[in-house]
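Got some structures for you, see below.
Both complexes shown next keep chain A, but they swap its partner, so chain B is in the first and chain C is in the second.
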Partner chain A sequence: MVTPPDSITMDTQGSNVVLQDLKLRQINCELNPLTRSDGSALFTQGGTCVLTSMLGPVEVKSQNLNIEKAHVECIYRPKAGIPTIEDKLTETVIRDTCESALLTMLHPRTAIFIQIQELDDRCGIEACAINGACLALLIGGVPMKFTIAAVHCIVDKDDKVVLDPDHCEAIGKRASFVFVFDSLDKNLVTVHTSGRFRMGQFNDAECMSRAASQIIFNFYRRIISNFHNKSLLTADSKARNTEVESVVKSEQMDI
Partner chain B sequence: MAEQHKLIYPIKHFRDFLENEIRLDGRTFDKYRPIGVNIASCQHSLGSSATKIGNSNILCGIRAELSKPRASKPLAGYIVPNVDMSFTAFSKASSSCNNQNVSEILECFIYRILYESHCLKLEDLCIHPGKLVWCLYIDIIGLEVDGGVFDASVLACASALSTLNLPIVTYDEKSGKIEIGDEMKKLHLNIFPVVSTYSIFDNVVLVDPTYREESISSTVFHLGVHEDTIGLFHKSGGVPISVKEIQQSVKNAVHREKEITSLLNSLKTNQ
Partner chain C sequence: MRETPLSTIERNFITQAVKQNLRLDGRKNDEFRKVTINFGADWGSALVALGETKVLAQVSCELGVPKSTRPNEGIIYINVELGQMAAPHFESGRNSELNVQISRTLERTFKDSRCVDLESLCVTSEERVWLLRIDLNVLNHEGNLIDCCSIAALSALLHFKRPDVSIIDNDVHIHSAAEKEPIPMVLHHYPVCVSYCLFDDGRLAVADPSASEERTADSALVFGLNSFRELCCLNLGGTTLTSSTLLLQCATRAARRAKFVVDYVKETLEFDKNAREDNKNTGFTECVRLNQITALAENRLSLRLRNFKMQETNESKKDNEMETSGNEDESEEEDSDAQKNVVAIDSKSALLESNQSNIKWVPDDDDAESNVESMCSENVADEGDESERSLSQQVEKQMRKFSKKESKRELSRKHLQHDASDSEEETKVIL
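Right after this comes the complex of A and B.
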């Protein structure tokens, strides 16, 4: 059965936000745009866009075989040219982050591959890639301990902390942060910084990002439930269709 | 008997040690390993340093070449870090694929620490704007790695940079003639970068972990602190940590930074 691709737009202003300037760029996602992979997602955050796909659990090369857990591999491809050392670093960060979210011990002697293709980078590509990878893993149906949400944050040229800036706001930035939170206790899975900053700025950025991560978690929940409700609809016969639809509607009301 | 126990149940063995508030090598949780720095040890490089943290042994040498700057940045020189982890550096055969990865990440971080965290200005490497700049090749060789490879590499790199002597070069714009003088000039370092590594095992923060501790702990993170600013915070995956643990580590890292800077200062005055 081919499931219809699903796309959803989310208004980030409407969620339970305390701080006034807590705004992420608009998040859009299309699930399963690719047909050959186990799970894929086209994820955009503002102008930044990535295409992620995952494959697994599949057969593993003998050199990577681990008898206790699955081997996780990430491939990150930049928009143009061959991957540079910076891209390798991004790749390692994404790999480690995804591995800590996955329940790898459930699939020993296998491998899980995550592929990420950068489509457009208008600031915050790392955070976007991690979020996209998480959605691909969720759609791919591999067991996870928790979901992860990455938020990008900078200290701009006036020493102000800006949440999820676009490339215009990021000109002349002093420092940049990528925070990845888990969905359970909102603790830090990954922290990746560059540039020099004060501890106070770090705390501000961390608090803002933590609050903003809830927007992304809500987005995951909404898009995944929409996706599965829709596939439920197409799978059912016409006679039961109306019945299911009412169920779907009531569920959506709850959300 | 203890050896077999360690081999069969490595994690339980480690946990037994932690229950008695001691680590495998007899240190307490917040104790660092001894540091040894030997500066200007290589004759043929312009600045060099051999650094030891515990059993980790890292060598750093810097050579400089003259080159033409990029048209987009006519004032900026180049820094090219190059990390080589030799085959003897890692003990385990399983880490052979990891080997390449570690050196790539290190190269990336050393560039970031030096340039993005404003440790040195690339403009200081300029000889004549738009025509001639210095290109510094920072070669780091890992002779032995027993944890804290980040700390040791950054320390080696920074101490080599602080001893770096560049000859004074004059450039004649009309004839394009380059003249290398006999006098030497030191490169100015804005900040002496210090990175500290922490690992977490069963909610216990262990400072300066050894290779064994790093490999069985649930997460490892690196902190680069200078006075009240942070230049690097890198945690990649592992179990999630709370802000409390971060703050505790930052406090710890501030002390460590002071210790190492005073050590380096005493080294330089003795020279």
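Right after this comes the complex of A and C.
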């Protein structure tokens, strides 16, 4: 099925949130920008931008073959130079996170590939990559147990916990956290931390991230329903696309 | 994953259509796809789309030791990455034949033509020079990767700024962008690649081939040209070219295309520079917000009807459904069926309207043939034009070399002469 490109802007700043300081940078997404993958998404959060694509379920190499579940693989490409050890670590974190969300036992003896390409890094690329990968998997149509939302937090130089900072705020950070939650019970799926922090700070960051993850889940719901409604409605009317978009842009999200 | 084989029926369809000056995406044989360039937030990052083919380029630099043979010149390294994102059958980390071909062609176009002023990259002779690295990540492969990569590399090079350095007590200090304004690159000339695919035993040339056309074609022809109509690289792969007139004619058209592309790159760079000066947000995020990145994908139908255009009527919904059924991943056979369907609807319900006054689905045969002939005569007629003649002479010399060496595959030479007399002298030396 040919699906038209899709773009929705949602200003999370304007949402009426009960908790204070619960602000994520502006989230924006373009679905299926690529034609050769089964599903792809261009996900941006603030100035950070990643392109994710997925392929699967497809044939698997014999050494990776598993008779009980699908083999999941993730490739992370930095935009300059060869992948470093740190990039390999990110790759593993993303793969394990996505594997826990996928219903891999439904497709034994197959492989699911996830590719992530960094476009612009303005802090929080790992969280951005996980969110983008989740959208690509949703568009690619592989069965999932739940959707996942990743939120990035730091402890800044004044020992304060900051939710989803931009690159200026992150200068001199003491620690950084990435929390990933599932959409069902908002349970923690993945935690990835670096730096030195106190347990209290960790708990604060987790609470803030859990509340903020709802913004991302609402965004998923909105963009996916919009995408599918639109592909039913329109075949190739660009004019109609822009009309729909302008309506969506003016809407505000309620939590 | 293995590449899906192209069936005989698909091949036959493409070759037959090309002979009638028809292509699946609605272009004529000599038409190119639209180029779109977006710049990232960092210096030296560009996302270039040629139709649906997309390439991300990033230029980076670090200090290093120069080659002992060239102690006062910087070094350029070009890396092409064909990952699974580009197409399912590519494997990252493995050097495929296509990968080597693209990087060699780009090296000849950018390094061997000496378009970058390497001496300006020298910090201290024999000790420290800038090592420039151009990373080309292919995001989507819909044919003609070489053209797309070359445009991406050129735009990224022109966009790139390296940090300023100062030497204090034999110690190199690299200034951040806040301390000292970064220095833009110095380029002597702006080369790009323009490729053609040859069909019908080298009698027909198809510009800017799509992925399926590339796989069907007899041979591929790549010109590396700059905006001064100078040839930097010529690559002929596949079976041998049979007509020299076709080569000359392609070269003339390629030169025109190269000029257009370079002008477009300059224009977008100027636009980006102004946006930065006005302190507007730049980068890919902004492009997504303005819906620029897929704006080129006006609709996702690879099948377009050139001679017919859709007419909006009450029944158009039914018609739209017909069109969406022409999935781009489906075989050409089905596509051809879809075309017939649409034509049939035309005769019954008149939903489709012809662009031309007389309705004809297949263009005149002599139209396709005259395509070749008129181009030849045009080339001869234009002999008076100095620049065009110098280009054709350059190509003729390449041809002579081809016949001399009697090699049938992948022959190329670099030519960088500013006028015809120079190139003649050099040919004498070589011959």
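The criterion applied here is as follows: the second predicted complex is superposed on the first by the 229 of 255 C-alpha atoms of A that agree within 3 Å, B and C clash if a C-alpha of one lies under 4 Å from a C-alpha of the other, contacts with A are read in each partner's own complex, and residues count from 1 in each chain.
The working rule: a residue touches a chain if its C-beta (ideal position, glycine included) is under 8 Å from a C-beta of that chain, and two chains touch if they have at least 3 such contacts.
In this text, all values refer to a predicted model and were calculated from it rather than measured experimentally.
> Please indicate which partner A:68 is in contact with in the superposed arrangement: first for chain B, second for chain C, both, or neither.
After superposition on chain A, A:68 lies in contact with neither partner.
> First (chain B), second (chain C), both or neither: which does A:51 touch?
second
> Return the chain, chain B or chain C, that is in touch with more residues of chain A.
C
> Scan A:193 for contacts with chain B and chain C and give back first, second, both or neither.
In the superposed model, A:193 contacts chain B only, not chain C.
> Using the touch definition from the top, say if A:100 reaches chain B (first), chain C (second), both or neither.
first
> By the touch definition at the top of the document, which applies to A:85: first (chain B), second (chain C), both, or neither?
Only chain B is touched by A:85; chain C is not.
> Touch test for A:122: chain B only (first), chain C only (second), both, or neither?
second
> Which partner does A:113 reach: the first (chain B), the second (chain C), both, or neither?
After superposition on chain A, A:113 lies in contact with chain C alone.
> Please indicate which partner A:42 is in contact with in the superposed arrangement: first for chain B, second for chain C, both, or neither.
In the superposed model, A:42 contacts chain C only, not chain B.
> Could you give the residue numbers on chain A that contact chain B in one complex and chain C in the other?
Looking at chain A, the two contact sets are disjoint.
> Which part of chain B faces chain A closely enough to touch in the complex?
Chain B reaches chain A through residues 97, 101, 104-105, 107-109, 112, 116-118, 219, 221, 226, 228-243, 246, 250.
> Could you pull out which chain A residues touch chain B in their complex?
Those residues of chain A that touch chain B are 63-64, 85-86, 88-89, 92-93, 95-100, 181-182, 184-185, 187-199, 202-203, 206.
> Spell out the residues on chain A that touch chain C in their complex, using ranges where they run on.
Those residues of chain A that touch chain C are 1-5, 7, 9, 28-30, 33-37, 40, 42, 44, 46-49, 51, 53, 55, 58-59, 75, 77, 79-81, 113, 115, 117, 119-120, 122, 234-236, 238, 242, 245.
> Flag every residue of chain C that touches chain A in the complex, lowest number first.
1, 40-42, 45, 47, 52, 54, 56, 58-60, 81, 83-88, 92, 133, 135, 137, 139-142, 281, 283-285, 288-289, 291, 293-294, 297-301, 320-321, 323-324, 327-328
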